[in-house]
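Notes for the one structure printed next.
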Amino acid sequence: MSSELIVFLILAAVGVLSGILMITRPNPVNSALFLILNFMALAGLYITLHAQFVAIIQILVYAGAIMVLVLFVIMLLNLEDEEPLREQMSKRHYGSLLVALLALVLIVQVIGWNSGGTLETMREQSPHALRIGTVEHIGSVLFTEHVYPFELTSILLLAAIVGAIVMAKKRFP
Amino acid sequence: MVPIHYYLILSAVMFITGVVGVLTRRNAIIIFMCIELMLNSVNLTFVAFSAYLGNETGQMFVFFIMAVAAAEAAVGLAIVIALFRNRQTVNINDVNILRW
Amino acid sequence: MMEQLLTDSLNTAPITGMVILSLIVVMINALKKEPLATEYWVSLVGIVINIGLAVWVFPERGTAFSGSVMTGGYASVTAIIFLTAAALTIMLARVYIDKIGANFGEFFHLILFVTTGMMSFAAGLDLLVTFVGLELMSIPLYVLAGITRRNLKATEAALKYFLLGAFSTGFFVYGIGLIYGMTGTTKILDIAQNINAYSSEPLFMVGAGLMLVGFAFKVGAVPFHMWVPDVYEGSPTMVSAFMSTGVKAAAFSALLLVFTATFDFMHSSINTVVAVLSVASMVIGNIVALSQKNFKRMLAYSSIAHAGYMLIGITAGGGVSIAGVLFYLVAYMLTNLGAFGIASFIENSDQTGTDIDDFRGLYQRHPALAVILGVFMFSLIGLPPFAGFFGKYYIFVAAIENGYTWLTIVGVITSMISVYYYLRVVVVMFFQPEGEQVQTARFGREGAFALAVAAAGVLLIGVFPSVVLDWVSALF
Amino acid sequence: MDFTDILISLIKIVVMFGVVLLTVAELVYTERRISAFIQNRLGPNRVGWKGLLQPYADVLKLLLKEDIVPTAANRFIHTLAPVISIAVAFSTLAVVPIAGETIRLFGREVQMVIADVNIGVLYILALTSMGVYGLTLSGWSSNNKYSLLGGLRSSAQMISYELAMGLSVIGVIMVTGSLRLTDVVAHQSGWMWNMILQPVGFVTFVVAAFAETNRAPFDLPEAEPELVGGYHTEYSSFKFALFFLAEYANMITASAVIVTLYLGGWQVPYLELLNLPVGVTIALQILAFMLKVAFMLFVFQWVRWSVPRFRYDQLMNLGWKVMLPIALANVIVTGIVMLLL
């Protein structure tokens, strides 16, 4: 096994386990913490893909801002534990689990045993991978080729600010 | 070298973990976190394809997904707070004036 | 560089104009203390100006911003549809938001943001723009659904809409991710060029299917319809009206652009899936609507059914059915905005009073309203000479031409079922006596004007369908 | 990356740790002496010469106390929280360069920075945003209402001021054209310190840094008159010592970052004109860096004992209605000026 594969497997294991723990913990704060761990593992995976800027933004935005907000709300509302999953399992839940498993098997089959397709040409990372992950390259592409969605996103954020204030402000007409 | 299949399967597994979470959990905030997990696994798909194709559009997409996730977080949590002020609960089983 | 940006901004004038307009309205609201009139008039005049801009850039067919957005032609036509829906919505809602206590500038900001998002969503030639446009459309709508924050139903509707909407977004972007991986680009036109090579890739088809899930959710097609009745019933009525017309129109326009006009999935497996969705929506929508007691909920199921009819057009594909779907969108937009508008007029201030029984004796109290609502109901059934008839007619014709006769048969049969619940409203209005609690309709001058415009539109399009059809057919 | 590289990195880390720990100890001493001076008292002067050994006595006392975890607390998170705080405080220093020249060690040119990453500025911002977890989680896991309030306050406060902080840094990045901290410092040669090029950004950054380190006048998460002890009410012994250590280490980190970004880092104006040997240059540069950091540390303490604490709503208003617009305007003005020049 190459060292890259070992690093990948460790990060993947952390990612999957933290994801599963996230959806099974009854306590919302514990769930949030496992999600943060998951984001960290993903940031590590981005580094293995030479996407350093994405990795650092992942920590800055997801772990550092969005999850702090989520934790803040959980604490503000002082949420209690949900009853353990085992006791509230109904037929519907087993059904959804079954469907999910089926979908998983399907996807793994499509991805894993799909020989001869485009995927087969992607055995190795492209030699360009190192260049495109840098801040300089991403910045220049973002402000030339993708300037339209970029500006649209700024409007989206403004809309979200307005919306959040409308919904959550205490004293409002 | 790690072939791209590994990254894709990992992201599919995480995506489905998120889906199962959305379908089984009853706490609105945890459901929201499961949706975040789904979006993150999509990000992994994009970055992996971006690195293996040598094409930056995938990483660009990740930034937009992050911006959208941030906007969704702000609005979604505000809605949860508004609901909590009315009902003192965020459990979607108790939220049942309208049939779900 | 700067000149290029300027030209591109001018060519996408309706969207640029909407962005500037929404920023102006936000600033106006931020800078002055007492709410209302200014925001309303600025928004309305701005939207009308933007309709003018959309007409003005109609000949500028092409792309802008390095192929990210479409300009002129199709983009202009869809922009005019959304802008008209927004204008009618705020006119009909003028008195209504005052009644339910949502009378603050943010209502107008959010409507303007949503409209901007719709226009980008429907004009995006880059899946990146499609995605951001979709979210710019959806996120303010989550808030609009719960804008009366103290109303239990409205906040619940907002939460449900938010959770399920975000959930469907996850599928949508995963689909885009797989498509990007297989093609190495997100530009729709580049993908369309090699579509035959890609459609043999299983992962590409999985991606397209996942995107379809996202679209089906937004248009409210069965089995992704579970949010529609709850959200339409719980949200403030005019917001439901905007959702059922504008959002549906935007989602269908984008679906047409991505799937029919460019990907051209004729005779592929995706097409079968769309056909199944269509049949399920028509059958379930119409049958469940039979047992509804609430007018808004009934219209919600009816809107699921109408999504089914429009999906027939998507399945059939080709220029004729695209024109048919656009025609249907215009007809449905005018009809449904009017119907929801009348419901909002007679609604109580606590957002109750929209049961079908509350329409009893409307004819005695407000004969004009009753007659107009009757017109809308007949148009929804699809009776001539109203707009709804020709909407269905063109779609069915296109389906038969493309060999989907069985879909047409299902469509006709389910339309017959729908006669029952639409006519029930008419019967209740005209022939049943008033209840004890009489609600007086409040709508004001703007509301009356908007309603008259909608009714006149339904009639005119019904009598002279070729005007609109020529207009949209000129695109292809 | 072979063994020698790892060894060199390890040496750098150990040296950095040692220096910071010693500085923290003496920082506590100077804080008490300065406060005493400002309040016209004597301060600690018994243990060792002029009381210099006082902090060591304090630490010893703390470590000998019993470690108490409340029964209703979440034990794992209760232990994790101070570790997060301290880890974040220390690891930020990894990207701060302390001298410009390289020295030869084991036959290699060694830079005077632990990790010269090309996204150093973002690294600092990312770690700062992680720091909030230590405080928030300690507040939540203690299962005590005062702690919870402290934790809530800290998360709201740090998110609010992070925005102003990030936007101020953008001004520096625009001037420098690089996210690498060594480039940022190299760009400030002579008197072209960013403090002079970016005066508004400097002020907003320093204010935001005060808020991010939870120092007075922004120490609301631990405001003792209202919240008993805030987030660390339920902490004792070694864990409390860790929080204490983290607070002062954060101060050092913040000072080092301010010096690097705005006060020219290790730059000594016109030093290169003297043609001094490399060894002396390095020594002078390190000395300059340390003096600048010491000055910033003094400013931190000076402010703490001179300015009264904000009320919570004042803090939020300042963050959102004053700092954020100013920082944004700074970015725009910087852009316009750079476009015109």
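Just so it is clear, A, B, C and D label the chains in written order, and each chain counts residues from 1 on its own.
Note that in this section contacts are C-beta pairs under 8 Å (C-beta built on N, C-alpha and C of every residue); 3 or more make two chains touch, one makes a residue touch a chain.
Quick caveat, the model's predicted, so the values are computed rather than measured.
Greatest centre-to-centre distance from subunit C is found for D, with centres as Cα means. When C-beta pairs in contact are tallied for each pair of chains, A-B comes out on top.
A separation of 53 Å divides the Cα centre of subunit C from that of subunit D. The geometric centre of subunit B is 26 Å away from that of subunit C, both derived from CA atoms. Taking each chain's centre as the mean of its C-alpha atoms, subunit A lies 6 Å from subunit B. Distance between subunit A and subunit D, defined via averaged C-alpha coordinates, is recorded as 30 Å. Multi-chain contact residues, meaning those touching two or more other chains, occur in subunit B at positions 8, 18-19, 32, 48-49, 53, 55, 60, 64, 68, 71-72, 75, 78-80, 82. Contacts with at least two other chains are made by residues 128, 132, 135, 139, 142-143, 146, 149, 158, 181 of subunit C. Annotation for subunit A: residues 53, 57, 65, 69, 76, 107, 111, 119, 146, 149, 153, 156, 159-160, 163-167 touch two or more other chains. Contact between chains, using the touch rule, shows up for A-B, A-C, A-D, B-C. Against subunit B, in their complex, subunit C makes its touches with residues 128, 131-132, 135, 139, 142-143, 146, 149-150, 152-153, 155-160, 162-163, 166-167, 169-170, 173-174, 176-178, 180-181, 184-186, 226, 229-230, 233-234.
The part of subunit B that touches subunit C in the complex is made up of residues 8, 15, 18-19, 22, 28, 31-32, 35, 38-39, 41-42, 45-46, 48-49, 53, 55, 57-58, 60-61, 64-65, 68, 71-72, 75-76, 78-80, 82-83, 85-87, 92, 95, 97-100. Here subunit A touches subunit D in the complex through residues 29, 33, 36, 52-53, 56-57, 59-60, 63-65, 68-69, 71-72, 75-76, 78, 134-135, going by the rule given at the top. On the subunit B side of its complex with subunit A, the touching residues are 1-10, 12-14, 16-21, 23-27, 29-30, 32-34, 36-37, 40, 43-44, 47-56, 59-60, 62-64, 66-75, 77-82, 84, 90-91. Note for the complex: subunit C touches subunit A at residues 5, 8, 19, 22-23, 26, 35, 64-66, 68-69, 101, 103-104, 106, 109-110, 113, 116-117, 120, 126, 128-129, 132-133, 135-136, 139-140, 142-143, 146-147, 149, 158, 181-182, 201-203, 206.
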